[in-house]
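Two complexes, one shared chain (chain A), two partners (chain B, chain C).
Moving on, here comes the complex of A and B:
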């Protein structure tokens, strides 16, 4: 499924995992508009051209890969205007299940399958980071049976998915207050984060037991500790100091999402990535999360593509 | 004579319209009413371009629209209205535009304090949130005059965000919290384990009480006009459970009809929002 990939042009090619040179070169060229101005950029950027013997042996395979890449991105989506970091509030699992007369656990399982599909599509289309809101700190007030089921689901997903994460190059980060999670899940989460930390195809941040306000408060406490240690004076604190302490700094290149999708028709942020979503484009859809498919994702990305982002200034 | 009769007719129509509004708002008040509405006043310049007005005229029309919307909100019984008038990012616009906006701000703030405006009609208390020291001197002085003149009013509250971004507000709250804890001796080891142990770590509540919006409940509705769907660094901390709306009309075109629709939408989702708030309150207790 992930045999050819679009990679962001800002990705440092030197860090690509060339221990996988036994495999065909994976989509290491970013699709760009075919015009004269860009051809030269494309030819110098391709890493294999630095190694003539390698490039000669793989030339036919590369052309096939490039044609496959063109086919993978939906026709009206332009790769240069895709968001680099997408955040998703996966809302509506219980309501989806209730509408079908199923228990909420069926909704969460269906939601997991949708998430898998979304990660695959994001890899294919060159989205570099995906943050998903799996479990809010407010969700602890849900019925115990549902909470226990969710914790078990997260453990199974992490256990069974570890092989696939490594194979597909998915780097997992877990954010949120891990102290409230069961011990076994905490241990497993640390293990998965550790084993996938060198992967480079896509960063998947999973927010479990997460609250945006608590994240900012924790950052404040870390800064207060620095003040206590004499490393910083209160009046010298800047926004960068705060951003360094936020948990989303596990992706230092683009910690702030460009696009935030919330399903099931709810029009609010619900304590998710409060600081980080200052300039994030919001996309709301009435579809429940288990029903969120490729077509809905394309609709969200198309909507993002058509927006004019000004960041407080004027664009004439 | 004809001029006089036209004036009389206009006055009668005005009275009938006010009566109709009062009846309409009474109907709405049977359902749940938002206590706090926040507005992002987006689309003034696009309005000016659309109607071939000169630069800056869009903002003047926008101000008139704001006064009308404020009147409707306070007649509806909304206790707090917050508006995003000028962001810190807007200082990066062209200098003549920024200068024009500062001058407009000063003029309109002074106008609001005149007799026979909504400030006196409703007994409004005006707050200014943001880095007021970044404003031009006349605008800053006008803002402080307005805050001082209305400090003792007991009516609804108007909070105007100027030279404001939410990340800057949170940063200032963090600085204040750290300074306070330092002053209390909590952030320096005194060597006394009892004293060091007594000072707690900074909590969510500590940050909240140092925000500009400390004495203000979170907004129930946040309306951004002109169809844009982003917060642009406005009330990020406060809008966790806020119902976000993005009507298509540009801000000068935002009318009573749009406000009524916004409130109807809020009333439709209110039961779900209230259930979430109650379960959150249960968790914190």
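Moving on, here comes the complex of A and C:
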């Protein structure tokens, strides 16, 4: 454990005071695992062995990576108190554009840039899953021009972003009623999901043509089919069976978001993750989505962290 | 190096960022803490502002908060943390406040069914004579729906939420098999949202969709309130039940009356 850090201006190196029993030394691999009960990182270091000297270049690669992640985290955010899964309702693109005298398409494009930044920050800070509400089933009633623009935008994003997703280790899942999407977008979405399925850095779930009620309905339908196939008895149906059939189970480790952020000042879920948000911390901000930046994200994470610290245990 | 010492000094090359001058580091650190202080002051100012506002509202000094327009508020839900729900005095006080404001339909929810056992029992004894005037279709709902003065109160818990949907799924299957055998061929289940809504009604887990939901408790989440009923519900976290204020409720109602929902359009 690092107890103090001293700067040595002469040699330009840092000297580290440490207890010999706690610092993992060369040859031992520090592993950390999440404790399911209290979600803290628990160190399972091997018993230390004495070595006469150690330099950072010889430290285990994983420890270097962890130090990098912690160094990238804003100072007052603690990695052990961060949400594992963040959901976002990206609201306010059109209002942002209208406030600037721009067409709504400009708002959606700006919104996409904000999303890119948020994915980047989430990767840097160790958020494991990000679910974003890109297009709801109710959005189909919007003007055709806007809907067509959004479908084109989604296609371009997936097409141009595929290389980056693969490079950055982003695993893409698309949830929602894909049958309503243009054929070209359906095909592209399938391709992107397939090509990124082995990525492990972060899971990015994009909800397109999504409805929380429709998702629950589909789950009931799937369960009825399972009963018909003899895999389940009707009297044995429980809420966990429903949960297994929800689309967010594409990330089985943490399908339910810990934190849900909605921008633009609205205080509702709007048919998004109705089932999954039972114990999700809700954070509403007046900022429009294109203006949602690093500072706003930090504020949301700090709010989540403060609640966790104050009440001692995770809600999930 | 003295290996016998408990502490050992180790030379490790600094990452690049630590090689900048110490003074620059101090200045950056000072700027960071100054920013932190400003944010904290802002939040403190906001809290003081809210307290002042609540005081002004409770003194009736703001005309716009005196005549609330509740035509958009057909039903109001109140989610209470189960630990805090044991404070029946506060719950009854809250119900009185809501009745005085003019709320017509209140849905009380807590996860573990504490409100059903405490408030439910009290209300049943108070309103037994008025229950005959309730026009409830579902017998199951009658046990948790009360009329208190001019306000209907529905009391639910987790068993009416997620467990209710599981029962609805079972009901849907039974109905599908009934239809299937009548048609005499094995069709795949094809349910719609209306089917699920009807199944929830048939199994006693249906109810009004609240326009506004007030959350009392430490956590800012809806704690498993029936998911099916939350589609367009405004959710407002009110803080702890023990710190509840009448003025805060009035302010929330006033803010709600100004809301405009476009339902995704």
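The working rule: the second predicted complex is superposed on the first by the 237 of 316 C-alpha atoms of A that agree within 3 Å, B and C clash if a C-alpha of one lies under 4 Å from a C-alpha of the other, contacts with A are read in each partner's own complex, and residues count from 1 in each chain.
FYI, a contact is a pair of C-beta atoms (placed from the backbone, for glycine too) under 8 Å apart; a residue touches a chain by one contact, two chains touch by 3 or more.
Note that the coordinates shown come from a computational prediction; the quantities given were computed from them, not determined experimentally.
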| item | value |
| --- | --- |
| Per-residue contact with chain A, leading partner among chain C and chain B | C |
| First (chain B), second (chain C), both or neither touched by A:268 | both |
| First (chain B), second (chain C), both or neither touched by A:76 | second |
| Touching partner for A:179 - first (chain B), second (chain C), both, neither | neither |
| Chain B versus chain C as contact partner of A:136, first or second or both or neither | second |
| Which superposed partner A:282 touches (first chain B, second chain C, both, neither) | both |
| First, second, both or neither for A:234, with chain B first and chain C second | both |
| First, second, both or neither for A:306, with chain B first and chain C second | neither |
| Doubly contacted chain A residues - partners chain C and chain B | 138, 141, 212-214, 216-217, 220-221, 223-224, 227-228, 234-235, 237-239, 242, 267-271, 274-275, 277-283, 307, 311 |
| Chain B-facing residues of chain A, complex | 138, 140-141, 212-214, 216-217, 220-221, 223-224, 227-228, 234-235, 237-239, 242, 266-271, 274-275, 277-284, 307, 309, 311-314 |
| Touch list for chain A against partner chain C, complex | 7, 9, 11-20, 50, 52-57, 71, 75-76, 136-139, 141-142, 212-214, 216-217, 219-221, 223-225, 227-228, 234-235, 237-239, 241-242, 267-271, 274-275, 277-283, 307, 310-311, 315 |
| Residues of chain C defined as touching chain A within the complex | 1, 3, 6-15, 17-19, 22, 32, 36, 161-163, 165-170, 172-174, 176-177, 186, 188-193, 195-196, 199, 218-225, 227-228, 230-237, 261, 263-265 |
| Interface residues, chain B side, partner chain A - complex | 45, 87-90, 92-94, 97, 165-168, 170-171, 174-175, 177-179, 181-182, 187-189, 201-204, 207, 228-233, 236-237, 239-245, 269, 272, 276, 279-280, 282-283 |
